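Order of writing sets the labels: A, B, C and D. Residues in every chain begin at 1.
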Amino acid sequence: MSGAISGYLVFAWSGVLLFGLGLFGFIAHRHLLRRLLAFNIMGSGAFLVLVGLAQDGRGVDPVPHAMVITGIVVAVASTALALVVFRRWYRASGRTDLPEDT
Amino acid sequence: MNAVLAPIALLLAPGVPLALALLWSFPRLRPHIGPLAPWAAIPALLLALFGQPGATVELDWLLFGAQIGMTGTTQVFLFFTALIWFAAGIHGRGHLSKDDHCERFCVFWLLTLAGNIGLILALDVALFYTSFALMTFAAYGLIVHDASRAALRAGRVYLVLAVLGEALILTGLILAARATGAPLLPMLADLPAAIAAAPERDLIIASLWLGFGVKAGLPLLHFSLPLAYGAAPVPVAAALAGAMIKAGLLGWLVTLPLGQAGFEQWGTIVIATGLIAAFGGALIGVNQIRPRFVLAYSSISQMGMVSVAIGAWLSAPELGPLLAVAITIFALHHSLAKAALFLGTEVVRHRTRRPVLWLWIGLGIPALALAGLMPSGLLTKTTLKGALTAGNAMPEVWNNLPLLLGLAAIGTTALMARHLWLLRLEAGRDDAPPAAWHGWALITAATVLGVFLLPLWGITPDWLAGVGGIPDALWPVAAGLLLAVFAWRWLKPWPIPPADVLVLLTPLPGLVMRAGQAVGVTGPAIQHLLRHLQALALDRYRRADHWIGRASVHLWRRDAPLLFALILALLAAYGLSIG
Amino acid sequence: MIGLWSVPLLFALPLSLGILSLLVVPAWRPRLIFIGLPLLVAASLDVLAGLATIGPHVYRLGDWAAPLGINLVVDGLAVGMILMTTLVTSLCALYAWVYLRDHPTSTTFFWPLLWFLWAGMNGIWLAEEIFNLYVGLEVMGLAAVGMVALRATPQALAAAMRYLLAALLGSLAYLLGVALLYGAYGTLSMAGLQEVAANNATTQVALALIILGLLLKTALFPLHAWLPPAHGGALTPVSALLSALVIKASFYILLRFWLVLGPEITPEFTAQFLGVLGAGAVFYGGWMAWRQHHLKQLVAYSTVAQIGYLFLFFPLVTNTGPEAQRLAWDGTLMMLIAHALAKAALFLSAGNLILAVGSPQISHLVGISRFRPMSLFSFGLAGVSLMGLPPSGGFTAKWLLLHSAILSGQWWWLIVLFLGGLLSAAYIFKVFRMSFREGPQIDRSVTPPLTLDVTALILASAAILIGLTAHLPLHWLRLGSVFGVS
Amino acid sequence: MDWNSLILLGVLATSLVASGVIFLLAESRLVLRTVVNLTAAVLKLVLVGWIVWGVYQAIEYEFRFTIIEGVDFILRADALGIMFVGLSSLLWLFTTIYAIGYLEKAPNRSRFFGFFSLCVASTVGIALAGNLFTFLLFYELLTLSTYPLVVHRGTRESLRAGQVYLYYTLGGGALLLFGVVALHVLIGDTEFVPGGSLAGLDPSLHPMLIIIFLMMVIGLGVKAALFPLHAWLPMAMVAPAPVSALLHAVAVVKAGAFGIARVVYDVYGIEFAQSLGLLMPLAVVASITIIYGSLRALAQTDLKKRLAFSTVSQVSYIVLGISLFGPIGAVGGLMHLLHQGLMKITLFFCAGNYAETLGVHKISELDGAGERMPATSVAFTLGAFGMIGIPPMAGFISKWYLGIGALEAQMNWVLGILILSSLLNAAYFLPILYRIWFRKRDRMWCEGKVLGRFETQASLLFPTLFTAAVALAAGILAGMPFSPLYWAELIVGREYLQ
């Protein structure tokens, strides 16, 4: 990568930043809902990187878009599943976090 | 005896006792073994009387190929062995019929007999050793038959010595066999020459000499003799003293490099040992308080004299033919007489309506024979002396050997006198079944007449010299009798226990016993202490074993994988460092 | 053309069956396997036949060109994995068909999830592009999480949650890596990457992200914490599927990446490091397995340990001679397949034992050998393979790995294989020890249906047989691989 | 696939199939199980007899099957292997009969006989293995199939013994595996070839070969109970008597000793091993084991424990014979493989008879047993005499050949070891015999069982008597064709003529 941060790389770098933030949240928080949110932020970061890196002046590349759309679908599905499991977990145990190693 | 019969007879001689013993496997036939057992020696006896030396039978399938046959010398051995077993068997017949363990006894009897005959007939090393071992170990069952304390002790001593002896013999035989051309199928006849040429010849001779010496009552290996002769049933004692002791002698005769030059030192050692046995046996024997112990030491003493002859043969190979004849006659003479004496110790105990005089004449005959006054004794002495003095072949140091033997004969006479004297005390205590008489009478007659059968086996001794030897034979007898009378009047026997030095060899019991007596502790207390000490030692051994076991298990159990891994790592690292 | 119709069917069929099973009434859901299993078995065999006749090839879905079209690789490795999946999943499905009768609440969603899981796995085996691999991973992972949660006990839910978080984190790391690679090289195809990828920082970072994500999903020590509760706490057929197949998928992707990028781009240090982690997994997993009191936890930790063996592949193929590489490749694949079969068998038979005594505690197995010899026998056969004792797939694999280790001069892996084998013996025989013990608790036991025992036995026997006939699978597996030429 | 290779599979299959069938049989199917057991054993014996005849006429039997490239599964009947097969199939029959009687009314018989058959199958496999890989395969299988037998009783003690057994054998097996793989790396598939196949290798590889030899011998030495690796064997005595008999006489220790013979003769080649200087250390280890085992045996009060340490000692005779450079010592060692098996199985059967009939386990409780159980006691006596090496028992023949062989190999000290061992053997066996035959019985034996017309159950008595008779015959009739001696000479003739 060249020294100057060209335009399209801004998106990529902010994607990386988002991903980092999300990762921090994912690790730091115990509340499962927060961790889920953090996961979604990480996901957004990753998509941003994907889209951002694709804009290198080669014209419109449909592939990243396809990938991001697919990724979003996957993320949504994952979040949904996580919410279902979380709800059941909360109902069963009354806790919003995971117990330490069982 | 023709070519067809000879092999069959050779096979039957050891085969019949063996087959009879095997009858025991069929519970229904077991009761029949007892009555048949005494007769098992008959085929061997017939073979000895009517067989011709020279016939051999090869048994390829047996062990690693065995061969049996007869030579002139072994035929004589076979004769007296079979006769003694037969007479002793007849003697013991009635006695045994009341025994609870009759069948067990008979099986051991037959096995011992088979072994004894087998070793005489064997021509190859393997069968010889096999028969020897069979005889040795089966005889243990005979010795401890009574299960009395004394018998068990005798059995223990006998067994320990026998095992040591077997081990020594095996060492010697393996080493010797290796020296022959055919180490896997060695013939006895090849051994002497092979040993003479072997690099380890001293080791071989020592092993064989000591190994067979256990049987032949070599000093310090003789402990089992008095103990066993004293504790075993009388027929067994007769067979032990008459026949089996000669197996040791036969062992020497067939394995030692007799007739080979270059064994003068060994000759000296053997002669010296023989003399020690001859005199030591007599000295200890006259102090014994039971007739059978006396006889046992007499045997040791007599075997000492034979040892002298063997030693002479080693020292002066050229005397071989003469000495061979002398030793053969000696063996015949001593075996029969000794067996008669042993059977006599039983016979004399029985109350009888027969004239007592006949009894004592019968008891006296073998005693006189041993003392050298009967034909056999005379012939033995003169032949031996003649052989030793022939052609001045013997080394200078041994010039006085005949005199020494004469002095030993004094001891023999004294022993016989002591024996008869002690016998007197035991006379007439029990009823005697008739069979006891038959056997004894048979063997006593053989003592007198047996020697005249010698020409049958091609041995023609110088009868006249025998007659001429009477004066020479008389002085030791006279001296011995004088000594006996003197001793009877003025001396008290020392309390030498029947296993003499063995008591000293195991110093702990003796010393403790002495010490205990000195401070006034009674026998049972000492015995208790001894048992305690023994138990302690055993316990220590067991405990050590236990700890070793635990340690080895612990070392490996938890850490086995790591240890194996370590081994692997070391080996692998080393492997890579070099490869 | 032969082989063509069946390739897309391999994931299309399970997908449609999954959807179909969501549509039918719950009572009918299990019965779909009698339609689905024969079809999928036929399709798998047809793919094999295709490989045998026309060799390794790339199948274009709908004849669309990449990158928008989907390319499917049909080489020896993929077909091997497909066959393994078909065998294990079919048997687990049969097992579940009987097993789940006692768990009516779980049945409802088990079957749809099973089909999705299958579709996801087949997708991964066949996918050529790295993004499709991601999609496959997610489909499979979400289905797997759902399956873990089926039990609906707090423990199972917690385990599912933990598993889900780990899986999501892993997938995102992978996705970021994919994004970086695509950004740098503009291609998603493995073949394309192999041509253009250069040894620079971007590639290395991307590869590190991908490796990390996949390690987390594969549960390599020390990233294994999610695995034992998830695998040990799930329903028995689920445990078997997860341990036997699901973790293999992420390892498979790792393997593919390594084949494409590994030797040239990653430093030898990484390879050795992965090997060391593998060794750590072998020791730690074995040790922990030995210390478990619950039977299925023990088996789960055994998976943690066995994963470690797979990672010995990396040091053994990096900067070593071609012969050592070939042997390591063969050994790793053998290990992978043998472990799949053996672990499925182990879980299923452990489930049978638990059914028989009615308790997951190992200490309650006292004297069980008298009543359930067949379950125990399957357990033992599978155990033989896990211990790496002959004759078994595990042994053949170990043999090949040893061979490779000695040939490449990396003797320290010998110690790993050695102690690993002994540790696995320790935990397998811990179960046996208890079952041979004669004690008071041996009066009676429940007899599980025969099907349960038979499926476990078939899997265990397969784990043994594959060791005896190893040259056949290895021959197929080498088709189209970089190490295929011996 | 021709007839000659199928017959090898048949020998293996008889017990494998029997094992499978027995596993599936319900516990209560006593008759059927017995029929399967005995049919398989007899069938195997017939097949083995067939092969023995064929091998005698130098017919090649081979079965070959590729596992992975360069690694074949090979079964081959050569003289050495078939000797071991003959031993195990003969003794299997009798041990099976014995076990059927011994375990009457005991629990878990299906399991027991299943693993029992499996154990024999692996032993046969070991014997017929045509290369190191196949050998290893069955060697490990043997470990696995004997473990359930060792822990069969399910007591705390037996489980502990089983654990120790596993640690040892698996550890040893792994070392063996590494040795085999390392050798494989060096020279490829190591088939057993008379005279060995390593002699032609480059001298720079020799240190490596020594290491590999060490690995393999340590691995095999575990099963052969060589000195520091023997601790599992006495512990395994908690198993039922037929198992002990099988472990000690036929399967496990023999597998180790046989493996060492294979490695020395057919992998390294005796001359090459000698030139590498490997035989001398082996002889020393074997000698130490011989003496050590006897010393330990002397201290044991439990009959089976004493027999176990005796095994530790006696099996090393085989190893000793192998390590003596020269045909005669080799004959002695190989012959002892059979002799020790026959004698030791007899002794263990007898110990089992005493335990089962009289409830006697301690030596001190044997007083007067000879009167109560004469036939068993005769068998015991024959076995013990054989162990001591008293002629005409089989042990004497071995000892004689070993002694001569030691002298041929210029190792005269070995003769001393042999003699010392004989003395120690006498020291721990003769007191037992004394108690059996000459002591008065001093206690009540717990005799609860209905025994039939013999002194004990017929199924216990007759195998014992038969093995004793064979052990006796092996000694007396050593000169006959097909005796152990004859066969060992045949093997050595083929090994040394290379």
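Quick note on the criterion: contacts are C-beta pairs under 8 Å (C-beta built on N, C-alpha and C of every residue); 3 or more make two chains touch, one makes a residue touch a chain.
This one's a predicted model, so the numbers in the text were calculated from it and none came from an experiment.
Chemist: By mean C-alpha coordinates, which chain is most distant from chain D?
Modeler: Centre of mass proxy via C-alpha means gives A as farthest from chain D.
Chemist: If you average the C-alpha positions per chain, which one ends up nearest the average over all of them?
Modeler: Given all protein C-alpha atoms shown, the central chain works out to be D.
Chemist: Taking the mean of the C-alpha atoms as each chain's centre, how many Å separate chain A from chain B?
Modeler: Averaging C-alpha atoms per chain gives centres 103 Å apart.
Chemist: Nearest whole angstrom, what separates the Cα centre of chain A from the Cα centre of chain D?
Modeler: Comparing mean C-alpha positions, chain D is 67 Å from chain A.
Chemist: Where the centres are mean C-alpha positions, what is the separation of chain C from chain D, in Å?
Modeler: That pair's centroid distance is 42 Å.
Chemist: Using the average of all C-alpha atoms in each chain as its centre, how far is it in Å between chain B and chain C?
Modeler: Going by mean C-alpha positions, chain B sits 81 Å from chain C.
Chemist: Spell out, as numbers or ranges, the residues of chain B touching 2 or more other chains.
Modeler: Where chain B meets two or more other chains at a single residue, that happens at 561, 564, 568, 572, 575.
Chemist: Considering chain A alone, which of its residues make contact with at least two other chains?
Modeler: Residue numbers touching two or more other chains: none in chain A.
Chemist: Quick check on chain D: which residues sit in contact with 2+ other chains?
Modeler: If we look for residues of chain D contacting two or more partner chains, we find 163, 167, 171, 174, 178, 182.
Chemist: Please list each pair of chains that are touching.
Modeler: Touch list across chains, by label: A-C, B-C, B-D, C-D.
Chemist: Which residues of chain A touch chain C in their complex?
Modeler: Where chain A meets chain C, its residues are 1, 12, 15-16, 19, 23, 26, 32, 35, 39, 42-43, 45-46, 49-50, 52-54, 56, 58, 61-64, 66-67, 70-71, 74, 77-78, 81-82, 84-86, 88-89, 92-93, 98-99, 101-102.
Chemist: Under the touch definition given earlier, write down the residues of chain B that touch chain C in their complex.
Modeler: Listed in rising order, the residues are 561-562, 564-565, 568-569, 572-573, 575-576.
Chemist: Would you pull the chain C residues touching chain A in the complex into a rising list?
Modeler: Touching chain A from chain C are residues 67-68, 131, 134-135, 138, 142, 145-146, 149, 152-155, 157-162, 164-165, 168-169, 171-172, 175-176, 178-180, 182-184, 186, 188, 201-202, 225, 229.
Chemist: Please output the residues of chain D touching chain B within their complex, sorted ascending.
Modeler: 163-164, 167-168, 171-172, 174-175, 178, 182, 204-205, 207-208, 211-212, 214-215, 218, 228-231, 234-235, 296, 298-301, 328, 385, 389-392, 396-397, 399-401, 403-404, 407-408, 412, 415-416, 419, 422-423, 426-427, 430, 434, 437-438, 440, 475-480, 485
Chemist: Touching chain D in the complex: which residues of chain C?
Modeler: Going by the criterion above, the answer is residues 330, 367, 369-370, 373-374, 377, 380, 384, 387, 389-391, 395-396, 398-400, 402-403, 406-407, 414, 418, 421-422, 425, 429, 432-433, 436-439, 467-471, 474, 486.
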